[in-house]
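Here the chain labels run A, B and C in written order, and each chain numbers its own residues starting at 1.
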Amino acid sequence: MKFPRAYTLAEIGDLIQCKTFGDPDFKITGINEIHMVESGDLTFVDHPKYYSKALNSAATTILINKEVDCPEGKTLLFSQDPFSDYLKLVEIFRPFKSASSTISESASIGEGTIIQPGAFVGNNVQIGKNCLIHSNVSIYDHSIIGDDVIIHANSVIGADAFYFQKRPQGFKKFVSHGRVILKDRVEIGASCTIDKGVSGDTIIDEGTKTDNHCQVGHDTYIGKNCLIGAFAAIAGVTRIEDDVILWGRVSINKDLVIGKGAVILATSGIDKSIEGGKTYFGLPALEARAKWKEMAALKKLAEDFNAKKS
Amino acid sequence: MKFPRAYTLAEIGDLIQCKTFGDPDFKITGINEIHMVESGDLTFVDHPKYYSKALNSAATTILINKEVDCPEGKTLLFSQDPFSDYLKLVEIFRPFKSASSTISESASIGEGTIIQPGAFVGNNVQIGKNCLIHSNVSIYDHSIIGDDVIIHANSVIGADAFYFQKRPQGFKKFVSHGRVILKDRVEIGASCTIDKGVSGDTIIDEGTKTDNHCQVGHDTYIGKNCLIGAFAAIAGVTRIEDDVILWGRVSINKDLVIGKGAVILATSGIDKSIEGGKTYFGLPALEARAKWKEMAALKKLAEDFNAKKS
Amino acid sequence: MKFPRAYTLAEIGDLIQCKTFGDPDFKITGINEIHMVESGDLTFVDHPKYYSKALNSAATTILINKEVDCPEGKTLLFSQDPFSDYLKLVEIFRPFKSASSTISESASIGEGTIIQPGAFVGNNVQIGKNCLIHSNVSIYDHSIIGDDVIIHANSVIGADAFYFQKRPQGFKKFVSHGRVILKDRVEIGASCTIDKGVSGDTIIDEGTKTDNHCQVGHDTYIGKNCLIGAFAAIAGVTRIEDDVILWGRVSINKDLVIGKGAVILATSGIDKSIEGGKTYFGLPALEARAKWKEMAALKKLAEDFNAKKS
């Protein structure tokens, strides 16, 4: 998330009442989680295991729970509870506002776009030209939709990430204030859910099509011209490159990369990053040919075992 | 389901035109299926296999299709077709009423609760304080929702149980007139479905969170502070204890108990009750360590087999 | 799809600017894909592999990209791009029209039918008597629904087929203009999606019931009195005969036949046509008894392997 203008380190420190280290006029232009940061961003870290990753990331301001040495050219904010203070900032810069109408007055809707009855279009949503948004679709605030996009009935664009931190007094929710971006010529099937980024964006790139009942997790990127079969479960923070094909009911874990042009056969589950240009099958998946060979061997072994027994 | 007042055996006998056995003034305070009954309840049984279970259950009035001996301190109703007569009673005490507005006038909605456009709130629904009900959510009649509950877009609270009895002339539907109860701080993802109880309640207890596309069957209980991953398929009449974690796409069969703190890994299928405090994996699932050991052995056996062949 | 009246070969040739072969007054009464054609229909073919199938099908007019010999009693249309020209015809005869109200004025709704708030009923939809259409259901144009049908909340009837052809400049969408037909006493669970046929019909026959989160693909036929468990993924152009039972989370591939009375156990995947009257299990599925025997053998082999190792 980019701020509406650059804030100084001193201003941000005041907003969340945290001690700062570094030039008080140092510019902070946005806020993001560690896997999405760029120069100008503030990120947070609350576990020693990730201190080094955060301090050495592209982020130029780090909100941290230990008074560590500050890397050259960066600034720090010290907090007892960086997670909560990060959420406070997100909440300040992009607060939830309830809707006053089915299609928000702050939404912009391009020429030639049809919005069928019952579709909800939230605050600050942008929809391009010649789109078709079917009945009872729900588009949460701040979503951005390109031209020639089709969204079938009852799909949900921009619900919250499923992201909770266990604390002694119960779950602390990492409130999502990112966005969903659907680029030109994307088509989303019926009853799909595309979650917003936590503080960044979930992106589906040009020309990609999904069948019905698909789930795309927060901060995930899906490339151009992919075909995503029904019931795809794509977890958060995963990257699917261009021209990937998922057949029906494929599960993909979080934080993975699916290489360009990979084909994943129906009902497969992906628990590791996979190379592009190959076909995969199984639960968990292998390259399809290897999996089929393994299955054939096991079938034969079981037959021999049962033949010997009888 | 509790009746609005206690009814006598004679009154209930009149309502469904059934012969009674026992004190005509015997009090009946509610109606429930066999797995949910308590003292004062009427239950039904129509198969000799279950006569003894029904007669010896906590239910104090039994609707039965054979003139058996009546247990001490209980009463009986005799019916040619207990299933149909039970449905008749349910229908009399909680009939379906069509909605006259998007938010029923008989619904009660607590202070600070936001209901986004397109959400439907049925008759006699109770929603607590500071809840957020997103767009195009459907909440069927009689649902009860606590404080600080979030329900994401297009989820359905309180649809009917999937419960049919095959008869020569086609399926006889066991019409659902129970409720869904979501307790304080529950969060339901987008496009989820939580079915109502048949004559009892489906309950999700305090602090439990579900991701998108989850299904919870009728009369199921989910404990406190559970995390339920996307595409969970939890069948009816199952009991999930506190602090259970389901990763994505877990399937759980009906009538099971999932022990406190159990963790079930993604894509697993549970077909037996499982102990708490352990981690499970597979289709069908074993304890994860045992399953992984089995998988490793099979992988090696297949490799050896294929190596020998070539 | 049947045309509103019979068209002549010459008229159709004019509409799509294609050269014709045969009697210019030859009657064309409708249009359909190859697997659904009957006498009077026009169908298309664009790949030499399928020329013979198309020319020898029940279709009496064939739109083709090669000047082949015309079978006796048939006529031909020649096109550089039969797929696109077929789509043009479909678009001419059943164009998409945006809705002007939540319940279209062109919809016909039978006596005693209840439509709950938020349900969308598209153009030319026909709904029979005594149906119950729950809140936030979406029914696309031209759907036909019989008597005594129940559709639970947020289900989608008649979204487009997931049907794209890869072309150098991106995906070409095969726009769907068929219908969904739900016959008498069908019950559809919550959050289901039943896709329309491409140019034919997707049909669910009398008395069949589905649980929640089911998907039925385009041009699929489901017979009478089937029970379809939650999360069923039934692909397009598949035929499920009467009295079939699917337990939860069953996947069925496209172009298959599931025989009368087959029972498919939970989480199974069907990749071949299967005989009726038997029970199946597994991913991919075998007859359940054979699968269980195989699973028991593999379990024992893995145990022996691990015992030897330690």
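Note that in this section a residue touches a chain if its C-beta (ideal position, glycine included) is under 8 Å from a C-beta of that chain, and two chains touch if they have at least 3 such contacts.
This structure is a prediction, so every number in the text was calculated from the model and none was measured.
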Rounded to a multiple of 5, how large is the rotation, in degrees, that superposes the C-alpha trace of chain A on chain C? 120
Where chain B and chain C touch, do the two copies share over half of their residue numbers, giving same, or under half, giving different? different
Chain B and chain C have mean C-alpha positions lying a whole-number Å distance apart equal to 32
Contacts with two or more other chains, residues of chain A listed in rising order: 118, 136, 154, 191, 213, 231, 283, 298, 301
In the complex formed with chain A, which residues of chain C make contact? 96, 98-99, 101-102, 118, 120, 122, 136-138, 140, 154-156, 159-160, 162, 164, 170-171, 173, 191-193, 195, 213, 215, 217, 231, 233, 235, 251, 253, 269, 271, 283, 293-294, 297-298, 300-301
Would you mind writing out the residues of chain A in touch with chain C in their complex? 114, 116-118, 132, 134-136, 150, 152-154, 185, 187, 189-191, 207, 209, 211-213, 225, 227, 229-231, 248-249, 266-267, 283, 298-299, 301-303, 305-306
